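Alright, structures below, take your time with them.
Two complexes, one shared chain (chain A), two partners (chain B, chain C).
Right, the complex of A and B next:
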């Protein structure tokens, strides 16, 4: 045997990976495993420090000369400001309960994606710079000094966390790694280490009202296209209004719904529903973004971008706000909005004009999610729904991290879904509801250059999806989050090819039967309905 | 026991286990240790897919060549390669884990092979494994093609209305007929 080359040599893999301590393994940046850095112009616009051209694959990241002081001072400031941060830094017992719960870890096997180690990237500096133990024990206490490599590691791994909070569910102390990521990104922003896919949408949102920088007239035009499509499909001409003062409700949805597939079909669903109810609702081209990329930067920008919703509601004099199918919009709303920009005393507690239901859960924020509004309509028998218009669909439900784990929407979306499709099956219990797996695209990681990493992080979700696809013939995955709608089609195409991704109100829009309507021959995607002439499935 | 297939069948479990461990050892040490514990397919999909794939391939090799069986075994390989294709491996590392099976077989069966002097059969068996390795390379390439197709489709989906607005695209039926 000794004369033969051992087979592993062919593979050129050193499969007895040297057991280096994690602190000594340096991150390797290569195209495809990081998100592009923030562009200087965008940083300048946002008033962020250290605008420059830089490249993570190069040795010199052009940090400001006093970057160490900036980080130290910033860390001290955040520790003083957020008691939670100090607790999170102090109380982890490294029990490992969270270690294998992160989708990025499950998909990559990279130990630094274990939530406990992700947090340790920050904690080791906390120990090294702020605690007495480090002075005596040094590295033995798990502490280290601030070096440029530490910043590089932060950039690699805190932009490889979608702030989905799955790990925190399993931590006996409730340590929330998402919050740690949030604050680590805040620190990095202070020395100009950030990613463009977060900064540019935030800048656009500040300037034009939405992430893509769509100006009001263009926004209106795109809405017109969808109104035309609705007319082609249903024969009805819906008439949405913009900035209409005195309307009862202001509706705000992520802008992805107006320009991207498959969000546009959900957008059409909203328009049809409002028309069906003759709801006194208005849209705004200024508050035209439900999402909040500021929340992926720091608290200042999260607050500023979020404030626009209340400002516009006040300016228009509406009674309350309904928000569309968005994920992290609801994280911001549910966790921070009330104390950050509220209480919105100038608004009224949301009350459905159709059913009379008062949404006391939104007593203070005065803003409800469309899915609870719609679930209430169905519960009260206010919608005439024909499931057969979604015939052929066997649906499953993807719980978006923010709306499910973040705020507990488990039943409402399933209730709506079950009322509009003939067949619905859940994915395995350990992959849904509060234990749901992230799509891999949250917290600003849904950019083009990060696709491979996102697919890696999407393995656990894709794996569960494939299971129900094979076992129960699931062919559609529905969700209530715009980042999901952008991310999941690719995820499904890779891990469970053949599964279509839809928003919930797309399916509602399909099923909604208007009084005296023209019979529909196609769905909102302008595909022939099964059983209708021209349909291939009937042959 | 005279054929290599019989020999392999008799040692199947041990060889599957060794190969499976070699595969997991292509990951960092902490992860290999954790993943070898196996567990729930939805909590530890990489380990479970690797295990199922290893079992399927070895079972396939204990049987005579059969195109139908080959197809089924390629599906299992696809499950494993689909994962490895997006895991920061070089192409040879992503698709080449199949060669680690040779290592597992040689280590386990060397003495028996010597005793029975069935080197011809052994060479044939290794050639079958080489065949699977080449097929794995095809599967890897398909996964990478898929990745790029997804990037392209994502881009297109995210622009659809904007292109329409910019009058850069016009739908069929929006002008004179042909």
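Right, the complex of A and C next:
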């Protein structure tokens, strides 16, 4: 990838609209604004059609000869299956309320990144192929015929949408471009137009249980590694178990947490917390991925990948499931899992063994968020927390899109955060909670080749972060999403250098005081605790 | 621009057709045939569209949550932005339909490059003028029932009384007439001035605005300028609704023009974005509660044949390695 221009320059976005009508502007594929296509062997493994080598920058995309019919039939099928799609196709008044709400529009100025135009890319085909009235007027009424250029445009812009649903919040009819993107990607998958960074993780999740393709023995090794680190830091040897039948709780978190910084520190936080509580919990290498890459593909794969959670819970005979810190994982768990793979009548309504709290808000799915669980512990005074272990941190909170607009998870994580750090300030109101801005890496766009566009899309989040950094001295951004933990460090380095990104349970793990413990000298990152280094120097 | 001109010319042409046609002795066509046809299209088209939506399953419960969820007892839920019960959802919908709740959130991007700051100002203008336009339209619509009903119900005379409370001029000025025109004009103006909007606007966006503006202006002309014979028009209207159509003499051409444009609006309605009137009630991101961890939402086409890659298959794949690593297995090698 070419070197990025400095932030001041990138921020100077040109919002002027082109002279030509949008239908006459062709997408231009340049390194940095698209993701690499799915590899043939991955498509074959997933049983997806049209596996082949192809390159978006080339003229010929090697579509199947009957691709028009496939799209048309597929579109008709989805219109019959999704009321949402029908309504969203019919009801947009093009009032433009959503136009400047998308981080990709704000960061790129490309009008086709206005959610309304993104949706029109599909709607124009809907009009042109399925409605009588609009056909008569043709282009003037925004309708057009399926051409290869349309597919190219779809590929460009439906893979420049992170399905964050910010647009949907402001739309007077709740038109959800994330839903439109989801279904457009489904259509494109039918003719072999997709991106590898979604398909390969999905294939890995299917076979190895996690998106990185870590095999069971290696997964265990990695866990050992973190267990060793915990011992170095705390002097305690935690003993996580795998696939332990009869455990009370199955714990599932995104596999990114075990693999890379800063997720691993959050992972260590989980392990410490479970040890502290002596929780009867087990891990599974088979169901070792909370994230659902299928939800970036189509409803079939979303269901298939998600189904592992209940499958494993049933096999192990656990009472309920706790899910770790993740964003889109929780959108799927909250809004899709029970519908697709329920009823979970072999599980019990989650009840905290420590506080006795019954989680009635999950009485059907029987799956709760670890942060709910932890918040309840703190509220009931069950955790001995020492904020000074996180001294020096002035934290802010990044609400991830999916838990915000697909769940409404705001107070619980803030409550936990406020109990583990001394200083916490929120970013400006229009950039948090339900109005939160995306990290730019959701829905499969966290791949290397897409970095430039992702950083552009990171402008609103990055700028809000920089604001609190300058104004309040914020030096840490905490979050509960694995994609965030992978994306935000790069975003912060670029837009607000000097801010560290942490998961919430990393901070919990730092603050947790065990009975009769050895005094800690470093945090989970093995950095000296504040005061420790200083006092040595004073001596 | 092409969209704008097409829409404008279309409305002008339609108005001219009616004005000239009625003047040329075609009042039966414009006063009887066209209205019946238009209403029939409206009713049939509207029902077809709504039935088409309603009969399509909504597979997943996908509320866009706009506030704190129902959670632990000590966490305060934003009941109407993130409802978890049908009652709360009803209120969310009422706020949406009656107060344009989501539009009320609107902000305006303000990228201040020089300051290095991206800001988002509150922007309630669209909300305000959209509300103004819709409520005036509603009141005008309700007031029109006085032409179709004899005796005129109290409620309608009441609305009329309030609407003309300022007692300006003869006949007294209806406030909604003014605000309707102001509202439509604003909606039109922002489409022209805001480059983002003119870029996305289609002929089908300008057409209803011009049409409604033309209807409003022709109505205002009839009432305040031409001072048309209201008794005669009422005879015509009652004739239509009682299916004894009758064309009274001496009705001004301007009435036929006004009435024809209204018929065009009816006939156009079901095929256009104006169907947001129906869609707003059925939008799945708004009309479903966020209770999907508490109650199972059913997808009628959920496919039971989609099964996970099972644990057994997984173990078969990795058994050796699992045993070697000391991980438990169901079947020994």
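The working rule: the second predicted complex is superposed on the first by the 513 of 539 C-alpha atoms of A that agree within 3 Å, B and C clash if a C-alpha of one lies under 4 Å from a C-alpha of the other, contacts with A are read in each partner's own complex, and residues count from 1 in each chain.
Basically, a contact is a pair of C-beta atoms (placed from the backbone, for glycine too) under 8 Å apart; a residue touches a chain by one contact, two chains touch by 3 or more.
What you are looking at is a predicted structure, and each value in this text was computed from that prediction instead of being measured.
Novice: Please work out whether A:116 is in contact with chain B alone, chain C alone, both, or neither, and reply first, second, both or neither.
Specialist: In the superposition, A:116 touches chain C alone.
Novice: Thinking of the overlay built on chain A, is A:277 touched by chain B (first), by chain C (second), by both, or by neither?
Specialist: A:277 contacts neither chain B nor chain C.
Novice: Which partner chains sit in contact with A:393 here, chain B, chain C, both or neither? Use first/second/both/neither.
Specialist: Neither partner.
Novice: After lining up the shared chain so the two structures overlap, which partner does A:91 touch, if you call chain B first and chain C second: first, second, both or neither?
Specialist: second
Novice: According to the stated criteria, A:206 is in contact with first (chain B), second (chain C), both, or neither; which is it?
Specialist: After superposition on chain A, A:206 lies in contact with chain C alone.
Novice: On the A-aligned overlay, A:171 touches which partner chain: chain B = first, chain C = second, or both, or neither?
Specialist: So A:171 only meets chain C here.
Novice: A:244 contacts which: chain B (first), chain C (second), both, neither?
Specialist: So A:244 only meets chain C here.
Novice: Counting touched residues of chain A, say whether chain B or chain C comes out ahead.
Specialist: C
Novice: Applying the touch criterion given at the start, work out whether A:416 contacts chain B, chain C, both or neither, answering first, second, both or neither.
Specialist: After superposing on A, A:416 lies clear of both chain B and chain C.
Novice: Now for A:343: first (chain B), second (chain C), both, or neither, which partner does it touch?
Specialist: A:343: touches chain C, not chain B.
Novice: Mind sorting out which residues of chain A both chain B and chain C touch, each in its own complex?
Specialist: Residues common to the chain A contacts of chain C and of chain B are 8, 11-13, 15-17, 22, 99-100, 106, 111, 114, 221, 428, 430-431, 459-460, 463-464, 467, listed in rising order.
Novice: Which part of chain C faces chain A closely enough to touch in the complex?
Specialist: On the chain C side, the touching residues are 2-3, 6, 49, 52-54, 56-72, 74-76, 78, 81-82, 84, 96, 100, 102-103, 105-109, 111, 113, 116-118, 120, 126, 130, 194-205, 271-273, 275-276, 279-280, 282-286, 290, 292-299, 301-303, 306-311, 314-315, 317-318, 321-322, 324-328.
Novice: In their shared complex, at which residues does chain A touch chain C?
Specialist: 8, 11-13, 15-17, 21-22, 79-84, 86-87, 90-97, 99-101, 106, 111, 114, 116-117, 120, 131-134, 137, 140-142, 165, 168-176, 179, 206-209, 215-217, 220-221, 242-245, 285-286, 299-300, 303-305, 307-308, 311-312, 315, 333-336, 338-340, 342-343, 357, 360-365, 367, 372, 375-376, 379, 404-412, 415, 428, 430-431, 433-435, 459-460, 463-464, 466-467
Novice: Quick check on the complex: what are the chain A residues that touch chain B?
Specialist: So the residues of chain A touching chain B come out as 1, 4, 6-8, 10-13, 15-17, 19, 22, 33, 99-100, 106-111, 114, 212, 214, 218, 221-222, 225, 256, 258-262, 264, 428, 430-431, 448, 451-453, 455-456, 459-460, 463-464, 467, 486, 489-490, 493-495.
Novice: Of all residues in chain B, which touch chain A in the complex?
Specialist: Of all residues in chain B, those touching chain A are 22, 25-32, 34-35, 40-46, 82-83, 86-88, 90, 92-93, 96-97, 99-103, 106, 110, 143, 146-147, 149-151, 153-155, 157-162, 164-165.
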